[in-house]
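Given below, in the form of structure tokens, are the structures.
In the two assemblies presented below, chain A is common to both, partnered first by chain B and then by chain C.
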Partner chain A sequence: MRKPKNVIRKGESKILLLMALPAFAIYAVLYLYPALSNLLWATRRWDGNPESEPEAVGFRNFTYMFTNDDVFIQSLGNNFRFMILVVIFQTGFSLLFATYLTKNTRTTIFLRTLYFFPTILSSVSVGLIWLALYDPNYGFINASLNALGFESLALNWLGDSRYALYALAVTQVWFHTGQMMVIYVAGLQQIPQELYEAAQVDGASKWQQFKHVSWPMALPTTAVVVAYTTIQTFRAFDLVYTMTNGGPLNSTEILVTLIYRNAFFGYQYGYAAAQTVVLVVVVLSLTWLQRRTLRLDYGAK
Partner chain B sequence: MKVSKSTKVLKLLVVGAFALSATTVPISGAIANTPNLGAKCTDEGVNTGTTSRSLVCVKTGAGELRWARVKLSSSGQSPVSASRAPSGSIEFHHWRGEDRTVFDSIIAKFEAANPGVKVTQVIKDSTSYQATALTTIRSNPKAAVFTTFRGGQFNDFFKANMVVDISSQRFVKNNVIQSALAPATVAGKVYGIPYQSLFNNPLYNADMFAKRGWKVPKNWTQLLEFCKTAKSAGIIPMAWPAGTRGNAGQILNSFLMNSAPDLATIEQRVVDIESGKADLNSAWFKDMASKYKQMNDAGCFPNNVTGYNDSVAPVDFATGKAAIYPTGSFGISSVTKANPDMKGKIKMFGMITTDDKPLYEGITNNTFILSVNPKSNSRDQQIARAFISFLAQSNIAQEYAIGTSQHTSIVNVDYSANVDLLNVSDIMGKKLLLAPRFLFLNVAQVRDPMEDALIAIGGGADVNKTLTDTSAKIKQNLGK
Partner chain C sequence: MIYKTIKGFLLSVFALAIIIPCSIVIMGAFKTDLKIISEPLALPESWNFDNFKRLVDSGSVYTPAKNSIIVAFFSVFITLFLASLAAFAIARLITVTGKVLFVLFSVGLAIPGQVNIIPIYLLFVDLGLTNSLTGLVLVNIALTLPISIFIMSAFFRDLPKEMFEVAGIDGAGPWRVYRSIALPLSRPAIGATGIFLFVICWNDLLYPLMLITREDKKTLPLTLIDFRGEYLTEYSMIFTAILVASLPMIIMYIAFQRSFIAGLTQGAVKG
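Moving on to the complex of A and B:
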């Protein structure tokens, strides 16, 4: 019997391991070590000055943030609200656009490019563009609302703590929907055409085709889109920083901006490290939960 | 030779008089009436801006306006030349991207004067600089000369032993206005040169004021009255960029400067808030916060002011939609960039927030302090000191001042080539306080939330609730 070609020969594994070593070393130094040492710093109180001795405080940083730090709780809440809004609307819109733009025609390719365009912009540029659009006195949005007679809807979008987070969510959805749409298009194009033809033979309407063919077949793609979108909402530092800097009155403060502020402006490196641990745990938990909910783990059907 | 007693007394008197004039703050003293000085003096505070013999229009005891001579020199000694630098290369770290071109030109001159020397600018944006400079510079000995923000950041560098004592350098004593050294002086030792002087007072459109017959408000009542008048004329009274915390906080300086009977009380109150001994519900703070609300009620600010940011405010001011842009002299360049016709039409006034006799009439500040890195080797430190001494030459400081439209703390600088610098020099004739906003050293835990509260109140939020909520936040921040 012939030996399969891709089986590793004796001795080859060592060479392969050696070849992987430089990459692993870089990974270990630049990622693994800082990530693991962050766990240690999370149990310290330190102002960042190498000449001052870090004080071991055990889990005090964690207990303080959950029992005494209203801004942390508010930021965590803001992050969840932001995530829910963005995940729902970004996934919904990207799936909707992808459904209509799956076929490759000149028009759909042009529209796909158009919708994808915001993704190639830098987040700071996007922030500045939307800052101008949201300007309460001169911005396009309020000018349009006023022109159409909806004066009562012309709000102080980013300056009012009641609306600022929602305004940011709209920007985030605009920014990344095109990117997610492209992932969906790729996913939907993989669905065998025969399934739609069979459904048509059975008299299925467009909606029924979507509900019983597209949606279940696109679930793996949805899982990727939702997971990626979730992570994006926890990393939306640039947008928040450019547009509101966490204000007004912490109403748009999210975990990453709070961590940055505590570490680099408050010189509370230990406390910020502890908040980073919480951030990682939250993101990992959410990703796991989504995979379970969307049945992508062992129970997937 | 025996010296008579009367000669001794005379000598003592001369030395005393000399010392008195030598240590006098520029403008406020060492002035003498000069009857033959050209154009008639009509506008109080106007400064001719000429070199060491600047003239200021001052009001005499009898109430008439007269030109007065001002000696900008501070030590009574002649400025010294720049020291020589040994050959080598260093980095100059700062955040002022807008100064890059001027610094390029100055560095080229420095390198030409010191063959074999290379100075490279390393520029970050101000926010990143504030966040990362200490870490970056501490681990980079080549960053031999660097800047820090006055207050919090300089304090952090000092606490980390990251600034070299330059008290013994002759240019520190001879070339720099001594009163300007205060922000970089700790326990009598000088750890840097606060290079750029600026004035954090509202700018006003002098042309608009003259055409409409408006008077510059000189007390709190007049300020509120002005707001009503301007608003009723369809003009935004004050383009307060409340949506941008950094510049929104500039008016806090004006509020703080007259919030107490003396400076010691102001300083103590700041210390009390920062240490948690007092909170924002203190009577004086509540009174100050209420004035933000009164300004909002009087229509001083644009609609939706909490969403009104600093990309819009200078444009409104530059295009005549707003009468006042309450930030500072550093805002002139963005205004004249937005509308070059505003050149020469911008003036400055001290915002007085009391009807009583004000303790101070305006604010001054230093944008950055130039220091030497103690982690650098001795040769690089020597280059760094030589570079700072080069910057402290009046002709170089003048190039910097004219090129950046900012004043400097170097003696004998001629500002007359820049009409806007000349115009805002008015404020130099007033009794100024070093921006008290920067007495708050704990930016993240105390100053930011406090300023956010004042912004919200200026936007119409309830005074008591906002101050109570923010006090709780600050208390929690201090307990971390």
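Moving on to the complex of A and C:
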């Protein structure tokens, strides 16, 4: 097979390289170099005092966080719980609504636009809105529960370490379900209509159609949605910082908020850098694992 | 029948879950604190702008709004410009160098941006770029370049090659081809990417929180965070501030729904 001709005249590739140069320079200095230097910082101890020298400590930051730092272990656990909750519910709801709203009609387009709306707000705004809704005394949620006679359910959602992480997960799901739904809608719309028609001829119920057509056909989309949602839950700094700032009793501390606290309030720059490395390793291995699982599953069908 | 009922029920519940909080905020901006608490869902007695006046008088709107606009505007335009140039070059460079460049930029997609929190902070302290809007713009550009280049080079690669070849035969250099063929053709892609970038830059909290401490350099999300402490449960002020800070997004969303949704999901899929 002959490739389409794409001859570049002499001198042109030089100009092309020059065109890529400014972007590359900024990217190299402010992305690649910091990412690499973070590895170096991770093996140091430094309190940020310009008069003191950073001290090389080898892997001691890592051994310390896994053997002596309860808050770190707790944050890691919180982050996993938060991820599992959000991935399950956000993926489930977005797939459900996408299935309902796959066709393009006036109503479905309106609902999709409405469901997507929270995505355009800032995490800080969303956090403040939900702080108000969760307010134990004046918030809409508890006021409604009281009015309906469920006084015992009107809890201190964000102030109680038993519920705070769940309350945050609800907010996160509210925030991004619409965005994931739109991705699913795009995926579902690409499934050939004949497959559903054939299933209907065979007398398949809605559930059977979903199980045997939509779900297997949409698996690649699920892989994308799950991966992106996972990354979101590890990036949820803005929301957590706004709503609980890691409290009460570290019950909502996730890795990014802990890193932020260790660096900018604890002045342990080396230690925080080491935790960043762990964060990156966790996120990368999780996304790799998910892609593998979902792809294998897909291949088997 | 049951299927339709359940479907209608679930769809309405989620619709209400979005409409109710949003209307509490919007109407709350026109109410007193007392009314917000006692009748959160009632229409305001009058659509007066008292809360907005109080907010403006408190002096905490103009400066952060101006800063947010400056940061978002410059971040988005410079990123779009640099990314489209680089993406065009990558799509046209069929040599090994083009591939290497693409792989290097893709590394940035794989590493989560937070890896840079500490080194960027320390670097910016050294360079004197803390408490500077230029610093924020630079961070935004660096963090969003990989994804923007990724989206745009995919788009450029899908453009029919013949167009470039014909232009090349006519003697147009890469710069001319970029300006008069690639750019005009990729307007939808650039628009969607621009919206995606604008939302990120407008809403970002983490980097401003790290890099900005001076009042006169704060952006809107930072001011909103200060409000949380300052006004506690004075929801009339908090809701008004949320509304003011989100207004540009809301207007843009209503005006460009399609590109908005396309931009924000394509960013998600590719990222």
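Just so we're on the same page, the second predicted complex is superposed on the first by the 273 of 301 C-alpha atoms of A that agree within 3 Å, B and C clash if a C-alpha of one lies under 4 Å from a C-alpha of the other, contacts with A are read in each partner's own complex, and residues count from 1 in each chain.
Basically, contacts are C-beta pairs under 8 Å (C-beta built on N, C-alpha and C of every residue); 3 or more make two chains touch, one makes a residue touch a chain.
Since we're looking at a predicted model, the values are computed, not measured.
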Item to complete: Sticking to the clash and touch definitions up top, decide whether chain B and chain C on chain A clash or fit.
Response: clash
Worksheet item: Does the superposition put A:S122 against chain B (first), chain C (second), both, or neither?
Response: second
Fill in: chain B versus chain C as contact partner of A:S13, first or second or both or neither
second
Worksheet item: Between chain B (first) and chain C (second), which does A:F265 come into contact with in this model arrangement: first, second, both, or neither?
Response: first
Worksheet item: Counting only touches as set out at the top, which of chain B and chain C does A:N68 meet: first, second, both, neither?
Response: first
Fill in: Most chain A residues touched (candidates chain B, chain C)
C
Worksheet item: With the two structures laid over each other on chain A, which partner does A:L148 touch: chain B (first), chain C (second), both, or neither?
Response: neither
Worksheet item: Touch check for A:D135: first (chain B), second (chain C), both, or neither?
Response: both
Discussion item. Taking the superposition on A as described, I'd like to know which of chain B and chain C A:F237 touches: first, second, both or neither.
Written reply: second
Discussion item. Quick check for you: in the superposed arrangement, does A:G247 touch first (chain B), second (chain C), both or neither?
Written reply: first
Item to complete: Determine where on chain A the residues touched by chain B overlap those touched by chain C, and list them.
Response: 48, 128, 131-132, 135, 138, 260, 264
Worksheet item: In the complex of these two chains, what residues of chain C are touching chain A?
Response: 3, 7, 10-11, 14-15, 17-22, 24-25, 36-37, 40, 82-83, 85-86, 88-90, 92-95, 97-98, 101, 104-105, 107-108, 110-123, 138-139, 141-143, 145-146, 149, 161, 164-165, 168, 173-175, 178, 199, 202-206, 209-210, 220-221, 224-225, 227-228, 233, 235, 238-239, 242, 245-246, 249-250, 252-253, 257, 260-261, 264-265, 268-269, 271
Worksheet entry | Footprint of chain A on chain B - complex, ascending | 130-132, 134-135, 138, 156, 159-161, 242-243, 245, 302-309, 311-312, 442-445, 448-449, 452-453, 455-456, 459, 466, 469-470, 472-473, 476-477, 479-480
Practice prompt. Would you pull the chain A residues touching chain C in the complex into a rising list?
Written response: 4-9, 12-13, 15-17, 19-20, 22-24, 26-27, 29-35, 37-38, 41, 48, 93, 96-97, 100-101, 111-125, 128-133, 135, 138, 140, 143, 174, 177-180, 182-183, 186, 206, 224, 228, 231, 234-235, 237-238, 241-242, 256, 259-260, 263-264, 269, 272-273, 276-277, 279-280, 283-284
Worksheet item: Okay, in this complex, where on chain A does chain B touch?
Response: 48-51, 61, 64, 68-71, 128, 131-132, 134-138, 156-161, 245, 247-250, 260-262, 264-268, 271
